[in-house]
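After this come two complexes, each holding chain A, first together with chain B and then together with chain C.
After this line comes the complex of A and B, so read on.
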């Protein structure tokens, strides 16, 4: 009995192994027919709201490439894994993409996750393409982490320069949230505005837990600035602007990409008029973007959460496809090392929803900044700063 | 810089925004006084009442009074659940105070997580617009939100005061808070009193959260942050002292807002913790009070706390 059961076990194991071997062989055969890359995004947890929409955008991107004939006739294949926006889970996903799916490159996002994965990407010489994380440190994570998304200082620099030079504002007040997001960006604004010939007459922080800003705003009012720059979060900035207008501060207001959403206008009504925000991707005035948003409305019944981010995610597979094509044309083996070299050699990519992208050797990118302004209850493009 | 109109404006806005802070502190202090529980689950009541109002008014497009009723219903439902399924069971098991405290923490985090899954992390409001029209009264900007909010707060405080002072259940509550076992000997149903304290706390929370949500944006974790302020006010005001907590909430708001004029603005948030630290280190009575009062009441019928409520047990 015992003997029999052992032989059955052995037979089962043998069958299992052969099946596995067959599967692997099939997988290898398939791998030759497709170009595979990974996508590690939060599909569950608190950030899933954004992550899922971004994955959908990337899937549309891949589908569009494949519908147009793929890469040199071969299909582009995307392996999607969940990170829960958690660094630890992100590392597990990266390990799986590298050792099981054997992708030469993968896309990730969320600064904490990108930072955690970077050493894994470096050790295995697999390219991590950060699409959406904007911490300035992303540029310093080693040879194998690149970003397609402009890092933190680009839009703040643009809005400070524009205020001082084009708008001709001489005195600015800066009101910022006292956390990592606010402190660093407020310093950048102050430095750039001062360098451009302006003067920062009030520089006020506020507590991230604050729900009332009277004291700081009255101090700003006393300094009598020409323009007020608010560096807050999407959760507090509309309230700060509302309270500012209630206290009689009528100066123009500028902010950054966090406030560029239709909700601001809904929440502030007329008080939103004239508010300047930044966007790192073209808005609805661009035909492809308008069509893309229309597709969301039709297929999903709403606009995507974090529209500009989803535009970047839609475009990311196009970068993958361009590098794979170039490697395939040159008959180079598809490895992480070759992928990196080829990506830097191509350098400039023309992308459908976010326009031209230049990936620099120093791990930053060049992208135009779109300055948006609320006019007659709508976001309209004020200027494009290169 | 320090002109009269700036000071007057800060005082007025702080009074207006303290409307919800006072109610949060009262709700927290009441449960602490009567049920002897550091009820962190108040954040769960806050979250549920806000999202109930948000779903009714912002999502379903129903009138605001229905939203207010939904906030009340939501807050009451979760308070009853916490009391009946949680606190009552834990009391029956004679669970340690720390265990009850951890239970309340878990409930508040759990509800925040569920709210995140259902409503997402995007900040939400009850009304689509956050902007309230302003009238200038002698150089002071008074928004259309300010007066109703302060009025509602004063009414609620007066009602609570009257209830504790004159209603039979209110007097029972004070008796139980002084000495639950003695109160039981006098024939007061302790469990009912605990339940009632949670109900009143839920009503205060719903009103306060409705006021907050009509003026500010709320995320699932906002309530936990707002709670910290209520806890600070309760500790600094002296544990077991309801009106002390309410007045501290009001004063803390004024001090925090006015502090910007005297100290660098980055230190504004830090101030709350300085006060908390000072209160805990130099006024330990604030924290040890309930235990000591219990010991004292065994020896003498009148505990040291609050003069008005403690004289009530004899009347009962």
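After this line comes the complex of A and C, so read on.
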């Protein structure tokens, strides 16, 4: 019995190590005739629904760049790894991109993952481009983490100001999910709305795993607000709104970019009418975006989950390509340090689906906010806030 | 090879976690799945002491491990006095409750996680040093668990596990023994957490949820419950396999589901063809024979 167990143990260990060694060898064998960057996204787990669509968008972006001749005649290559939206898995993926694939820069998303990777990026002087995470703290993660996506304060500020001034609402209730995104954004909403002359009459958190919000909603009802701002996830917000309407709360609802999604209308039907959300990318009014969504319908048979996020992901390879091209033109070695310098020197990028992007020295970006509203079962543009 | 060191460090930490969990759930037979919360206590304790109180990292790490020991005793004492199943309920409650607190107070960084944790060493220190330290700690914990589980204390532990009433009849203190082995297992987990915190310098409460419990449990069960090397093999396999898969250059649409299926698939496969784990434990009869032999000598 003992002998058998020992040999099985050895065999298992041997198999594991040889698999690993084989993989390492295969990775090293690939020659450096392309411009390589990484993409670390949740491909499995609860967030894969969004991660997979965002990866597809980025793949389309890379394919379009390569079809148009690549970067100075060389191909752009993207190495995709899974993060499961989990900090620890994200660290492993980042290390793998840095030391095995030797990419000078990589794209990541999801606030917890971006934060976990930041020390790794700083230590190795490799640029992490966060595309989609919106925690305000992302601007303070060190010299090698930049974002191409506007951080939370921008769109929440816009929607709070719009409610207080343009819509003339006096009393707001804030209902938010008790995770990082929710807590920080709810504070911003409260501060901005109060500063604009309004009053926050209810301020209620709910658990990320909750499936019943009656308690919080009844408190909101008792406070009798003019408008209710819900800071949740795309997965729970429709249920919150449905339950809210059931409890007889008929006030207008505002939310943020995660809710700007066909799923909301699909799930809520008539109850979705009037819901205000924000979008940080141009909508279907823009021709390239309309074509892009049409391509999704044709090739995948549906609209992408989290359309604006996929637009940003489609555009991210264009930033990589622009920086690589500039480095190649100047014959500078392709390192993370040079990549960072060159990216900040170029500063302004014209991108196909999200328009002009300016990357600021202080790790933030400037973007207009598009306020969207459900009208007759469709998302329509309500206003653009600069 | 930063990447390789990271894998070695994570595998090493999981070897500590799986071995110490094996001590708790396997050898001592204490049904608790809250192991990650002690990992969290060690990690957060050490990180906060070093970051906010300026303790040197090694001292903070030891304090983190001791905090985990203290917390485990506080949890075990009231719940073990009643009966075994209460520990399971109390431990789940403790895990969920503590994580909820971590998410809702500001000094732990809240749900957004704890950032700016000081590194254990100056940046100029070569990266392999930490990997070596973790490997040494992992080896020592495996040996410590082995020593505890195979000596006279180990035989007493298996007697307690198999028949608590008979054990008490022999005049042994069941509660002291349970609390002792629980505290040792949880303390090791706490130390692993402290090692994690100062290497990766970011902690998020989500890392220590029930999902983590099931990952560690899978390592122990797939590797082989109540064996010295089972948890080691389980930890190495379940940490290295997902990494190996990424080198197969699969399209993302396939890579994702494959990673997701790995844990589930392994558990199912092992449930059907190898319920005893990769390394089967010696059966009770062999253990009894050994004890008998020792007695005769």
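A few points about this structure:
The working rule: the second predicted complex is superposed on the first by the 307 of 386 C-alpha atoms of A that agree within 3 Å, B and C clash if a C-alpha of one lies under 4 Å from a C-alpha of the other, contacts with A are read in each partner's own complex, and residues count from 1 in each chain.
As a convention for this text, a residue touches a chain if its C-beta (ideal position, glycine included) is under 8 Å from a C-beta of that chain, and two chains touch if they have at least 3 such contacts.
Bear in mind the structure is a predicted one, so any value in this text is a computation, not a measurement.
By the touch criterion stated above, A:275 is placed in contact with neither chain B nor chain C. By the document's definition of touching, of the two partners only chain C reaches A:98; chain B does not.
By the touch criterion defined above, A:51 reaches chain C but does not reach chain B. Looking at the shared chain after the overlay, A:135 reaches chain C, while chain B stays out of its contact range.
Contacts of A:266 after superposition: chain B is touched, whereas chain C is not reached. When the shared chain is aligned, chain C comes close enough to touch A:86, but chain B does not. Of the two partner chains, chain C is the only one that A:180 touches; chain B does not reach it.
Within the superposed three-chain arrangement, the count of touched residues of chain A is higher for C, of the candidates chain B and chain C. In the superposition on chain A, contact is made by A:119 with chain C only, not with chain B. Counting contacts by the rule stated earlier, residues 178 of chain A appear in both its interface with chain B and its interface with chain C. Chain contact summary for the complex, chain B toward chain A: residues 1, 6, 9-10, 13-14, 17, 113, 116, 120-123, 125, 128-132, 134, 136, 141, 143, 212, 215-217, 219, 222, 225-226, 228-229, 253, 256-261, 264-266, 268-269.
Of all the residues in chain A, the ones that touch chain C in their complex are 1-2, 5, 8-9, 12-13, 16-17, 19-20, 22-24, 26-27, 41-45, 48, 51-52, 55-56, 59, 80-82, 84, 86-89, 91-93, 95-96, 98-100, 111-112, 115-116, 118-119, 123-124, 135, 137, 141, 178-180, 183-184. Those residues of chain A whose C-beta lies close enough to touch chain B in the complex are 46-47, 49, 178, 204-212, 214-216, 218-219, 222, 234-236, 238-239, 242, 245-248, 263, 266-271, 305. Interface residues of chain C facing chain A in the complex, by the touch rule stated above, are 1-4, 6-7, 10, 103-104, 110-113, 115, 119, 123, 200-202, 204, 206-207, 224, 227, 229, 233, 236-237, 240-244, 246-249, 252-253, 255-260, 278-280, 282, 286.
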